[in-house]
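Each structure below is given as structure tokens.
Shared chain: chain A. Partners: chain B in the first complex, chain C in the second.
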Partner chain A sequence: MGLTFNTETFRGDFTFHNSPAAIRRFPFPFDRDDYMYSVNMEPHVPGPKGTVFEHNFDVDEHYLSEMRDRALVLAEDPLRCQSLPHMTLAGWDLLELIMESKARDYPDLFELHKNGNRWHWINRPMQIDQSFTFLDETTLPYGPMEYITRQAQGDFTLQDQRDDNLWIEAGMVTTQADWSLDFDIGMGFHEWHAPVPKAHELGVFDRALKFLLKLQHGAPVRRFNWTMTVDPLLDTSPENYPVWGPTRAMITPGNVGSRMHLRVELQTLHRLPRSNAIAFPIRCYLIRFDELVTIPKWGRRLHRVIRDLPVELATYKGFERNRATMVDYLARFDDGAPTSPGWMPDPE
Partner chain B sequence: MSVGAPKIPVTVAEVTEVNDLIKRFRFVRRDGGPMPPFSGGAHVVVEMDDHGTRRMNPYSLMGDPADSTGYCISVRRDEAGRGGSLYMHHHVRPGMQMVLGAPVNLFALDARAREHLLIAGGIGITPFIAQMAQLEALGGRFELHYAARNRALGAYMPALRAAYGDRVHTYFDDERQLIDLPALLAGQPLGTHLYVCGPKGMIGWVRASAEAAGWPRATVHHEEFLAPPVGVPFTVDLAASGKVITVGASQSLLEAIEAAGVEAPYLCRGGACGQCETAVLACDGHIQHNDHWLTDDQKASGTRIMPCVSRFEGRTLVLDR
Partner chain C sequence: MTKTDFPPSIRSRPVYGELAYRPGSLHLMVADGEGANALVDLVARAGAEAPGLLARAHIIYMPGPNGTDLSAVVQALGAAQFHRSPSYASAELRLRKVLADARMGLQVYLAGTEGLIGQAQREAMAAGLPHDAVQTEHRGATVRRVQCVHCKGITENVRTDPFVCAHCGLTLFVRDHYSRRLAAFQGVNIDAEDPGKVPPLVERFT
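Take a look at the complex of A and B:
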């Protein structure tokens, strides 16, 4: 099954869209009608065919357009990609993880050939053919983390582990939900999570960190996070706030269906073998409200989740001011019928 | 949430007698594929079927982490121990099939260190051999101070000397050579990290000296796996699984739980990592806390136990497992 890549933009005229197939495979994050923070981690094992969990790193129809958008962000602001000097080995670990996974999972799109430390990488969609020496930075046009994450959808951070804590000390962050790598770099787990409401009191971060410190190579885990974004803008960073902040005041009953997007992050956590660091890929999926409600179960459930979400969470996620408009729109798709457990669409 | 990475089915490729006390074992994958990469300081748990008794002992990986063709460990024979090392010495032969756990690193190098000061005693050398290979490949600065009982027991000293020259310093107890720790600690450049692995007494001495010399806690690293001690048999009630088990004299509580078919988490099996921590629901008797994980207060409260190394004496012990 060949993959066709969309030609679309995440800025300006915002031509981003999901095909009907992309809508059906969208990682809808709610497996019930309400939501609260929890230590929601499960083994990142291959999921059913066609789902975003089928492979270690999902490649979808937005691949090429997302990579073009990343290059534009980096050209304007190189600090979106940073790696402290001691994190280079972790960058190599990440490069190996992504190259091996993609070559294994998408052999028609990617190839990796190894002869000792002489590696040959082929990325067909991006028309890249690169021979290099593994662990020798001088043989790549960028550092290893930057090199591979210019070719991989989603943001990536690398956490060093020491003193019973994780330290965010490298990353490629251009598709983030209102946080800044430049601000967070060097912080520990609780420190960079400080702005999150309620979760600290619930003990979520204490338990999550304790678990992550024991994460084993070869046993990655995944979790979801979600928020709301006006227009399909990947780069909702604090640095870019002047561009997207004001759009929150432009939502009306007439445009909420076409401008409001559910933004879902499929986050995975991988122990890296050579550096003992942890990689945290944050893969962002966007879906317009009017695309989402074509799946009846999701329309019903999103209405209930948004309606009943604690105000602290809606405020933190930045949509409290638009909540009433969103709920009114979604209510039209909620007939009050019970929803089935799990997040999968009901069979048609 | 499971932390279990897939286990590695291996064949014993080589068994080498290093000296009177130590044998080295090299394992390769049964399917001929590459071993997973690892970081210097990592250990694996070796599963043994000791004539019907399942033993699972942790050993540091001592090979070059860049070598994915096989894993090497060194095992020191412990005559007084529960039998894991004796089994490795007496029964493991080339060609045998065994199972290894995935590597886990509880003794990682701090990648920010300007210099790594490594202090080894006896068999404690093994994690450092892997770490030095990795540091050498990445251009890291290090210095090894390695003490052994005598020249005959100074495993790998000549090879390390040959590889790393005057960065390797050796000391022999029977020649009354002692590491001049105060001078060594005083002479280090800012940004040095200190690592110690060896007998309990040495670890205590190095850590106390570093503290006295004002080294920040976060710059002093140690690895000390405890061997589960031999003891008196005792009975335990596993409330969650509804089983009553007896822990044999040379069996650990964790091994007895596993033998009863109850799944229990672990990583180090040596009282260091915290992974096996289990809630105590009732206790009429005395828990022998042998771990490095629980705080003194937690130990005194009697509400938690580390089944990989700790034992019990008394009437009833009920665990949430």
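Take a look at the complex of A and C:
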């Protein structure tokens, strides 16, 4: 498939960038010109070739650099990866899901060979060659969840299911949109979503929980979430808010195109076979405004969405203070023409 | 002082009820400050069951963060075991031992401030009791126990919003987001985006 991996940073000099091909396959989350919370879940079935939906776990040009950034975050703060003691089996389930998916979908990059419980995993891009015994933690350098999520883009949480609720009880969270695993671990579904405005009143979380409790193994689902991030910083953690917070005050009409990023989360949910837990990968995609507006439909639409978003949502997502500057910039790319339905770019 | 009515809040913010007698083999009561009155009311409402309740009661009581000390009132209830502790920290090992020794039929009653209730509830959960099997009733001070999301240090008895983290010195605003595992609310730096622009510290919890 000829994937070349960028050498780039998500901190310091921020050399992160999207190639023209990466821009075109960016998961633009708005299928219409306005936005409000909804459950918006659909089956996570393989999508068109080349899109981020083509495979169960998308591997793209940012893979190696994202994994380097994750290792840096974990070295600074090991609390970003935690698993309560009863969640180890779910960690093995997740390891199996990711290894099998990647070996199937990217045979030139990953291989998995099984002989009973003796497994052999090859991750060619990361130059990892690991033999281990499935379900035996002593044969891996980390617990199973940490081991595999140090090799997989996006954050991951594992939810135990009991008492008709989901409990967030394990996770690898280094590319988060301003929430703390360390604080939220152990909470029930409505508790960890408690700070989200409006959605509770709309019944979004009641419906989502009811739906997820019935999630079936082999029938994963997906949805989008999104926010805005100044500079391509994957680690917008509450822990480091005093470090990155000041950048929100640095946006000007002159730099908004090159420093403001649309941050999209492709969230998928997978029932795990042994533990009956739910794996929740939260894959973060970043795109600079000046990259995004190279797709005319997206420039038009993003302008309208941001302009018309309810103030509570813009405040919760942290960009109300920069909204006017963002809208002024995006307005230059909105000629008022109607946009076509769906999020895909128009054919060139 | 009767039980506290808190304004409506988000779903992670704890809610408290009113202690009621339930049949049990051991009645563990942990209270601070004005929580003493919740125990008195519990015994009064138990009616004919009160002598049996007290004969199997173990009470751990400590003064509240506002200095309220009703030890004499609690002791006068005449529980089989009464222990006055100067602080929650000094009571914790005893509480753990009682929970570890507990058999089927343990009833747990917690009354007083949120810091006391949250920490004792956490011990009960750690001992294997489901959190909703423990009864709670809020009385007295509404000061908060808050974890700094940045340095992870916990500041006890927070009265103002914002407040200064006792550990790292950042000025934090107090969210209603609450972790039962930490028994603490979340504190977030208020001037992260505009360092130095700190609003006045307003007394919000008393």
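One rule holds in what follows: the second predicted complex is superposed on the first by the 348 of 348 C-alpha atoms of A that agree within 3 Å, B and C clash if a C-alpha of one lies under 4 Å from a C-alpha of the other, contacts with A are read in each partner's own complex, and residues count from 1 in each chain.
Note that contacts are C-beta pairs under 8 Å (C-beta built on N, C-alpha and C of every residue); 3 or more make two chains touch, one makes a residue touch a chain.
Note that the structure is predicted; figures quoted are calculated from it, not measured.
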So, A:G218: does it touch chain B (first), chain C (second), both, or neither? first
Once chain A of both complexes is superposed, is A:K49 in touch with chain B (first), chain C (second), both, or neither? neither
After superposition on the shared chain, which partner residues are touched by A:D184: those of chain B (first), chain C (second), both, or neither? second
Following superposition on chain A, which residues of chain A contact chain B and also contact chain C? none
What does chain B use to touch chain A in their complex? 1-6, 36-39, 41-42, 65, 102-105, 108, 110-112, 134, 137-138, 218, 267, 273-275
Residues on chain A engaged by chain B in the complex (per definition of touch): 39, 41-43, 86-87, 89, 93, 96, 135, 160-163, 210-211, 214-219, 221, 273-276
Quick one: which bits of chain A touch chain C in the complex? Just the residue numbers, please. 79, 180, 182-187, 190-195, 200, 238-242, 245-246, 248-249, 321
Of all residues in chain C, which touch chain A in the complex? 10-13, 147, 149-150, 152, 170, 175-182, 186, 188-189, 192-195
